[in-house]
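The two complexes that follow have subunit A in common; it is paired with subunit B in the first and with subunit C in the second.
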Partner chain A sequence: MKWLPGAILAILMIGNVQAETIIATGDLGLVVERASGSLLLVDQSEKATISRITGLGDLSHASLVYSPDQRYAYVFGRDGGLTKVDLVEKSIANRVVQAGNSIGGAISDDGTLVAVSNYEPGGVRIFDADTLELVADIPTESKTIGLVDAPGRRFVFTLWDEGETWIADMSSGTPLVKKISGMGDNPYDALITGDGRLYITGLFGEDGLTALDLWEDDPEPIRVLPEYGRGQKELPVYKMPHLEGWARAGREFVLPAVGHHQVLWIDETSLEETGRTDTYGQPVFAMARPDGRQVWVNFAHPLNDTIQVIDTLSKKVVHEFKPGPAILHMEFTPRGHEVWVSVRDAGKVMIYDTRTFEKRGEIDAESPSGIFFTSRAHRMGL
Partner chain B sequence: MKWLPGAILAILMIGNVQAETIIATGDLGLVVERASGSLLLVDQSEKATISRITGLGDLSHASLVYSPDQRYAYVFGRDGGLTKVDLVEKSIANRVVQAGNSIGGAISDDGTLVAVSNYEPGGVRIFDADTLELVADIPTESKTIGLVDAPGRRFVFTLWDEGETWIADMSSGTPLVKKISGMGDNPYDALITGDGRLYITGLFGEDGLTALDLWEDDPEPIRVLPEYGRGQKELPVYKMPHLEGWARAGREFVLPAVGHHQVLWIDETSLEETGRTDTYGQPVFAMARPDGRQVWVNFAHPLNDTIQVIDTLSKKVVHEFKPGPAILHMEFTPRGHEVWVSVRDAGKVMIYDTRTFEKRGEIDAESPSGIFFTSRAHRMGL
Partner chain C sequence: MRKLLALFLLLSSPVGAEEAAQTDKLVNLVHQDCGSCHGLTLKGGLGPDIRPQSLSHYDIDTLSTVVLDGIPDTAMPPWRPLMSEADAKKIAEYLLQGDVK
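On to the complex of A and B.
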């Protein structure tokens, strides 16, 4: 084809190349690079990096959610930045700094609204997912924590100072807020179960946890493990465990104990304790593989170089290994055959087979923390 | 750049092109048009048709699964055809006629293997998901039914004639088959629960159902509702209900009764009956909204113009309406805010809000039957 001018040849080859290089969004993901304020766009099946997206501000404790079509990610930065990232264009589509200090966010079940939880000023702000224009402002005069989406275009969040949970129903366009008091002293984090039914808060100021059954018209706080001490006398709490790590494993929930080298097992119906498993260190995340058959646990500093895998039926540790220094997060592939692990101080994301525990690959990343696959777009509370 | 030779320019542009061709596939879906052997590619958020894909052969009782990246669908036709459809190119990527008469298929949890269940000749054939080349042939000398994927690169299926369930472990590349006998007389369909743990078969030749706990090393058949009659004396069975309609609703499973105008509720742990709800007709699908709070039911001919919605907590019918003649299938959006309904003899797919029950849109389709959203790529057993 040497008789063709270069430009024409190039166009012809684009036609051919396109057929080989189209990527669908079902198996993509974003890795938070906290030190550099950037995101790595990764391909789960190829175990490869596609692109780096920069300019996201302070990404310590950053999290993100996806639009239903898996084209956009909404990134919640610690600095109050809400950034809309376009996975197709591999660039920032929009960015607003909507508060001074924020922690986490959620997207409504219909994908039209994005909510952000703020410390400074305290409250929740709700934005149009298309334009990032402010739709509703719900001030709380308290730090807000544990913001999640619930079915029916609702957002649920909790006030650290007052120990109140608020349910904001956005189905009419303006927020209808139901307030539930008596959640306990200083709730520090919360989660919603995968079916959107139970909202559970962890307490910093007293023992135990508090649950709400969102299927009730007027949910009442349910005390969970009220005698379970936070362990202050036994161990310093290096890091409060993340409740989002809670998961349904078989017919139980598993959660990291606070201040103990243990994970706790709770019956999903009675919410009573069914067992404890001693672990290598103080758990940070206790994450169930999507089929619930295993729970993977990482630990607080200085024992944060190790992962333990617990078998759900026997509640025994069946595997332990050391991927490297400063393991910050784990994300399973949607059907659980592999897991991606952020090893911050190795500058790597490591990929393991969850059955053989063999390493299947690794990706270079700058101080990686959270890993978020696009399959989260289709789950509640993620 | 005109001084560059064409080949070098083309290579440079390949680098750019790669960055231009990510396609968002998260909210797409396919609607089976059974009479015309075609598929409608639809956009869930836009409530619109993108394209029609033709040439798929006999699509009566057709089903399909998606690749993990949500780019490809594997369509299982009644005529033994296995067709790989490219959602990005909107065309057939590959097609093999792999048996004379087949019913259903599954994709392995790692997305590398596609299995098809055949009546004629009876057995399961497993294909490379990339090339559709035959990887393994598992003849059974029986019609095979209820083929599903299970965690760990396994496929589970059941033999109609022998009443045996086979578990084929493909993790080593060649099938290791475990056979479990005593499943009962003439199992006609089966399902696997969303966590991949329980495999449940419906029986045509005797009362009750049979379950297997796939977490056990050597699962034993568990009889479920052994006294629950199939109802032959009471009503003719116009159509055997689909077990794939079973779903976890709260802490129960709900399933269509056979030969009765009822749905049955079963405790998810004890597998004992917890209630029955009288319905308008003989249920075909009883499908739980993704949050489990509602169950939508359609009915066999001649009462197949109606849908009833049951509240999970009260087990009472809370809504009833008539979308039109011959309602064949329903598919919820992944987080359940809307439902798409195939109304075959109206030539329409109707879209409803699941809370207000308002109609939100409709799409023209030729004799629509199954509706499959791409979010199924990330679920087990779908």
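On to the complex of A and C.
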């Protein structure tokens, strides 16, 4: 019996070591469970759930960004909640309700400021990433959309009602705002390219997009494809498309059309049209695999059970499949070998190989929407 | 309450069960799909607040026409291609009352 106390001691020590095990967060991610106000902490390599984090309020249309060390996520809820989540402790580190109705946010290039874009009251509020204390308030008197970070501790965002883009320079600590009017009628979302140079807004109220070259001291609106739908009957849009910084495919950008069942291709330098691809429905996300070789597209209600995969070289649909009812989001692994797909009404996140299109796994989730891997921490605009 | 009602209808007759399933589908559509602009709780987003207190100036017929034909020059699309007039009326009733009868 002499070995027994030793064995117990050994077991206790193992327990102790496990509790202090270093958790690396580089291949983790969070899945938004939109109806239950919770997040799933997931392991992208293991294709498994680690933990569920609850108490985040109304997470419909929620999005999040990561701190540069990939330890914290800043979650932007529809109800104006800004929640800082600790991935290592698997818990909420801090939470403030900063507005009545908000629509996404961004983190500054140096990781010290978190900005939130609000519908009600319209504007952008900027918080200390450490404490979530208010640093600056920029009212716009309009619904604000397309908030992204830009190099030089700047935030760029656009006014839905006025068609203006504002660039808020926070390098001195207090906002210096530059306003650019004439962006177009009802801009609905925007993206910034991975190099931080181009800011592109999609327009709902008229055909086309508007780009700004942020390398210019005084950027002027550049109209892109101003007449892409000309002569064609507009189809009803049951869900606004999203733009995200995943749109560069090779030397082109690929973007969803509005009111037409198409994705549009434009040359990254000239911003001239290089082609269009007819799609199954109104595209919501058109996302390039990280290597740019494929573009994955999902669609608005009622055609939201289908994904099409477009080959970048031929611009042709090479694969079409139906993962399940209400596909809301797709997220590629950082090097693009797999893609995670949230299928809201199936209560699943499904995982596919992007070369063979075979299903590699699935995890259970309650009404899953956005999927966010921590690799986003090191990409501008995400 | 909705679930209880659905259960009651489910138990009462096969026709009732079908109706209840259809009502559940419409309520789900309102929150999930109308919700993509108006918010899951219908308190507004890119589109306006559509909770009962904000819609009190509408009657059922006008509101179901808005659902069916949309509002020109705004982001509100016509839903006529996707639903019957009876369903639009049910949705209008649900929006005005905040519940199903």
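Before moving on, here are some points about what is shown:
Rule of thumb we're sticking to: the second predicted complex is superposed on the first by the 354 of 382 C-alpha atoms of A that agree within 3 Å, B and C clash if a C-alpha of one lies under 4 Å from a C-alpha of the other, contacts with A are read in each partner's own complex, and residues count from 1 in each chain.
Keep in mind that, in the parts below, a residue touches a chain if its C-beta (ideal position, glycine included) is under 8 Å from a C-beta of that chain, and two chains touch if they have at least 3 such contacts.
None of the values given here were measured: they were computed from a predicted structure.
Look at A:Asp110: by the touch rule set out above, it reaches subunit B but stays clear of subunit C.
In the overlay built on the shared chain, the residue A:Arg355 is in contact with subunit B alone; subunit C does not reach it. Look at A:Ser375: by the touch rule set out above, it reaches subunit B but stays clear of subunit C. Within the superposed three-chain model, A:Gln70 lies in touch with subunit B and out of touch with subunit C [touch as defined at top]. Judged by the touch definition given at the top, the superposed model places A:Ile192 against neither subunit B nor subunit C. Residue by residue along subunit A, subunit B and subunit C are tallied for touches, and B comes out ahead. In the superposed model, A:Pro302 makes contact with subunit C only, not with subunit B.
In the superposition on chain A, contact of A:His61 is made with subunit C only, not with subunit B. When the two complexes are overlaid on their common chain A, residue A:Trp160 makes contact with subunit C while staying clear of subunit B.
When the two complexes are superposed on chain A, none of the residues of subunit A touches both subunit B and subunit C. Those residues of subunit B lying in contact with subunit A across their complex are 2, 4-7, 9-10, 13-14, 17-19, 21-27, 44-45, 66-71, 87-89, 109-111, 151-153, 171, 195-197, 215, 248, 250-251, 268-269, 290-293, 312-313, 333-338, 355, 374-375, 377-380.
Put simply, subunit A touches subunit C in their complex at residues 34-35, 58, 60-61, 78, 101, 103, 119-120, 143, 145, 160, 186, 188, 204-205, 236-240, 301-302, 326, 344. Contact residues on subunit C toward subunit A in their complex (touch as defined above): 32-33, 35-37, 39-41, 43-46, 70, 73, 75, 77-79, 81-82.
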